[in-house]
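The next part holds the structures, each set out as structure tokens.
Presented sequentially are two complexes of chain A, the first with chain B as partner and the second with chain C.
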Partner chain A sequence: MHTVLGSASTKVVIGDDQPFCVIGERINPTGRKKFQEQLRAGDLSQIEADVAAQVEGGAHVLDVNMGVPLADEVDLLSRAVRLAQSLTDLPLCIDSSVVEALDAGLAVYQGKALVNSVTAEDERLDAILPLVKRYGAAVIALPNDEDEIPMSADRRLELTDKIIDTAAGVHGIPIEDIVIDPLAMPIGADTSVVGVTLETISKIRAAYGVNMTLGASNVSFGMPGRHTIGAAFLAMAAKCGLTSAIMDARSPQIVEAVRAADLLLGNDAWGANWIAAHRAKQAAG
Partner chain B sequence: MHTVLGSASTKVVIGDDQPFCVIGERINPTGRKKFQEQLRAGDLSQIEADVAAQVEGGAHVLDVNMGVPLADEVDLLSRAVRLAQSLTDLPLCIDSSVVEALDAGLAVYQGKALVNSVTAEDERLDAILPLVKRYGAAVIALPNDEDEIPMSADRRLELTDKIIDTAAGVHGIPIEDIVIDPLAMPIGADTSVVGVTLETISKIRAAYGVNMTLGASNVSFGMPGRHTIGAAFLAMAAKCGLTSAIMDARSPQIVEAVRAADLLLGNDAWGANWIAAHRAKQAAG
Partner chain C sequence: MTPDEILKGLYDKTLVGNGPAVLELTRTGLDTGMAPETMLFDALIPSLEEVGARFERGDFFVPEMLIAGKAMSGALEILRPLLAETGAHTVGTFLMGTVKGDVHDIGKNLVNIMLEGAGFHVIDLGVQVAPEKFVAAIGEHKPDIVGFSAFLTTTMPMFKANINALRKAGLRDSVVVMVGGAPVTQEYADAVGADGYAPDASATVKRAKEFMSQRRALATA
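Moving on, here comes the complex of A and B:
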């Protein structure tokens, strides 16, 4: 199944027969105090460096999140989307928990965006899916509801079922534009959580064949050696059927792990991409 | 299922609830011209450095192979086993295609060795399994027969079935002492081969629950960026059910990938090993 995203000029295809889709997570003020202060002052200039670093690192899509306390997220997200689109041809993932901010970002976006995100909560489905449909976007959907995040793969599957029924059946969003987030949680909190995520990925892949993405950095949160954990996790997750991740595109170790996964899973014919990337790295010294 | 190997003083357990077992591949003259010349001259002194480097790198078991053209492999293997056991408490994997050499190595070995390897060929089964039984060793078995290496997982499973029937049923070798090699081949030759290996691992795990090991370096043979490919491959393979690999224990990237896999698959309680290894690395500078 192919999820096709686009900017004004560039298309990106997410699919299990495609190279793993790297969604750069960096245009996000969470945990970045200086960037937060800049955004509160209306200064978006940091985005230029963040776009450049992620394009350089090999991102296919850039996530744009402007969630800053005490700031006008609607205005910021609209401006950030326009700015990012002036800086790169890569498609964007418009990321907010505020429905009005998603609407504002989608309104100015040129092309077919990915919306991040909706949950299986009725209120969120009712508010966000009509936007996704109106703008012809694709959407990331998280299988959690009003209760806590479900800690069994089977419950995540039930909620995925609800999401697909509602998005496709009620709102008429094509199933290929529904990207499920199987929910990645910190291994440091409980060493069984990654097993549940991988089982969820395998089961969603078998049951629906839809594309999936997740926040890969969550897995290594609080642990030392984060990039090594992220690299091993993404290789495993790609093998189970994950087709994309929101991840640190500036980390060569993590990006190279998903490129190696492409090679190993037969999504890099003749190893051409792998070999070309190696030559480029050597040429760069 | 637990495969327990031992030296005179140390036990190593291979199992799906255990840390992934790293079998160091370095005590092997293949592709090492200088080492070959030394061995032909009866000089085994290089083994000292090879043992030290692999112990330092985190190997749990050391493979010992003395396959040198125009040399007396029976004598060399017997001497190499004794020398290696004088240098380390780690159990050994006694590696030869020559039955008499395996016999000589097992005869001098103190503890419970791993024999590398037998195939599903009748002649090999008949020659090697009685040795394994007599010395109370464990054995690596490759599911290929007189024909070419089978390129379907199902055929590898049929041959695994034959091996287990013969080793356990005819020769009385406990099933936990049969370690299947699901056959890793170079991705550079054909990008579908790793998919077959991973499918074989998943199916053998589901059908028999036996331990498995393979020559991990084969996968990246001839490609650039070998350690990155090896790291991603081993993470995937561990997720599918591989419990050990014969691998380059001197490569931090590959060894750290299997330690990350332990953490992610719930075989490193509280992340204690991961965190301790990180602290040791920091302390070492």
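Moving on, here comes the complex of A and C:
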């Protein structure tokens, strides 16, 4: 199944027969004190460096999140989307938990965006899916509801059923434009949580064959050697059927791990991408 | 074992999160007539403080903090009833919950374990806790500190709603309000009128203890 995203000029295809789609996570002020202060003052200039570093690192899509406490997220997100699109041809993933901010970001976006995100909560489905439909976007959906973030793969699959029934059945969003987030949790808090995520990926893949993405950096939170953990995790998750991740595109170690996974899983014919990346590194070296 | 050996053992085994050894040493201590307060204040709490300090320096990681906190909680289960008998004061009572509209609880649970490890009596209301539920629980449990946790920019405004509900119920001045969660900042905590904010579990414990000594100073003044 192919999820096709686009900017005004460039298309990116997410799919199980495609190279793993790297969504750069960096344009996000969470935990970045200086960036938060700049954004509160209306200064978006940091985005330029963040775009450049992630394009350089090999991102296919860039996530844009402007969730700054005490700032006008609606205004910031629409300005950030316009700015990012003036700096890169890569498609964007418009990321907010504020419905009005998603609307404002989608309104100024050129092309077909990925919306991050909706959950299986009725209220969120009712508010966000009509926007996704209206703008012809694709959407990331998280299988958690009003009561809990389920800690079993079966319950996550049930909530995925609900999401797909509602998005495709009620709102008429094509199933290929629904990207499920199987929920990545920190391994440092409980060493069983990644097993649940991997099982969820396998089950959703078997049931629907839809594309999936997740916040890969969550997995290594609170641990040393985060890039090594991220690299190992993404290779395993790709094998289970994960086709994309919102991740640290500036880390060569993690990006190279997903490129190697492409090769090993048969998504890089004759190793052409792997070898070309090697040559490019040599030439730059 | 000499009392010093027991205290040193409790400190060392808590530091590395060896729950069974901490339990055994606690029982040995009690069998040899050691006061529960001595074990708590001269070994267990200093050990957890060292865990927090190492975490803040980046020398300790989340799982190490968790198992140390759990080892400490195991000892406290034995000691708490005895401490109550002797009339020794607990460190304080901390009421905790994730705000309405939000179901994220990994960070909150981590904070709970560290608070319990530091000797706090923690009452966890879970996730999706409505303002009226916080109000009722504060009325019932009379905590020293209440903690509101939120993971989303859309649920953070519930801090303000909760604080307003406390004010309306006449409870605002009876309790210290702390807030936290991934998107929360000190500025935001100040803006909604919270008393305290901490960026992680270890810092929460430190801040909570500061509030407790301020409360004690006020109570005895």
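Quick note on the criterion: the second predicted complex is superposed on the first by the 285 of 285 C-alpha atoms of A that agree within 3 Å, B and C clash if a C-alpha of one lies under 4 Å from a C-alpha of the other, contacts with A are read in each partner's own complex, and residues count from 1 in each chain.
Criterion: a residue touches a chain if its C-beta (ideal position, glycine included) is under 8 Å from a C-beta of that chain, and two chains touch if they have at least 3 such contacts.
Here the structure is a predicted model, which is why all the values come from computation and not from measurement.
Aligning the two structures on chain A places chain B and chain C side by side, free of any clash. In the superposed model, A:S97 makes contact with chain C only, not with chain B. In the superposed model, A:T30 lies in contact with chain C only, and not with chain B. Contacts of A:G188 after superposition on the shared chain: both chain B and chain C are touched. After overlaying the two complexes on the shared chain, residue contacts for A:A261 are found with chain B alone; chain C is out of touch. Contacts of A:P224 after superposition: both chain B and chain C are touched. Between chain B and chain C, more residues of chain A are touched by B.
When the two complexes are overlaid on their common chain A, residue A:W270 makes contact with chain B while staying clear of chain C. Of the two partner chains placed by the overlay, only chain B lies in contact with A:K239; chain C stays clear of it. Once you line the two complexes up on chain A, you'll see the smallest CA to CA distance from chain B to chain C is 5 Å.
Once the two complexes are overlaid on chain A, the chain A residues touched by chain B in the first and by chain C in the second are 188, 191, 223-224. Interface of chain A with chain C (complex): residues 30-31, 33, 36, 67-70, 73, 96-98, 144-149, 185-186, 188-189, 191, 221-224.
Across the complex, chain C meets chain A through its residues 61-63, 66, 103-106, 109-110, 127-128, 152-156, 182-185, 187-188, 191.
Those residues of chain B that touch chain A in the shared complex are 187-188, 191-192, 194-195, 198, 219, 223-225, 228-229, 231-233, 235-236, 238-240, 256-257, 260-261, 263-266, 268-271, 274-275, 278-279.
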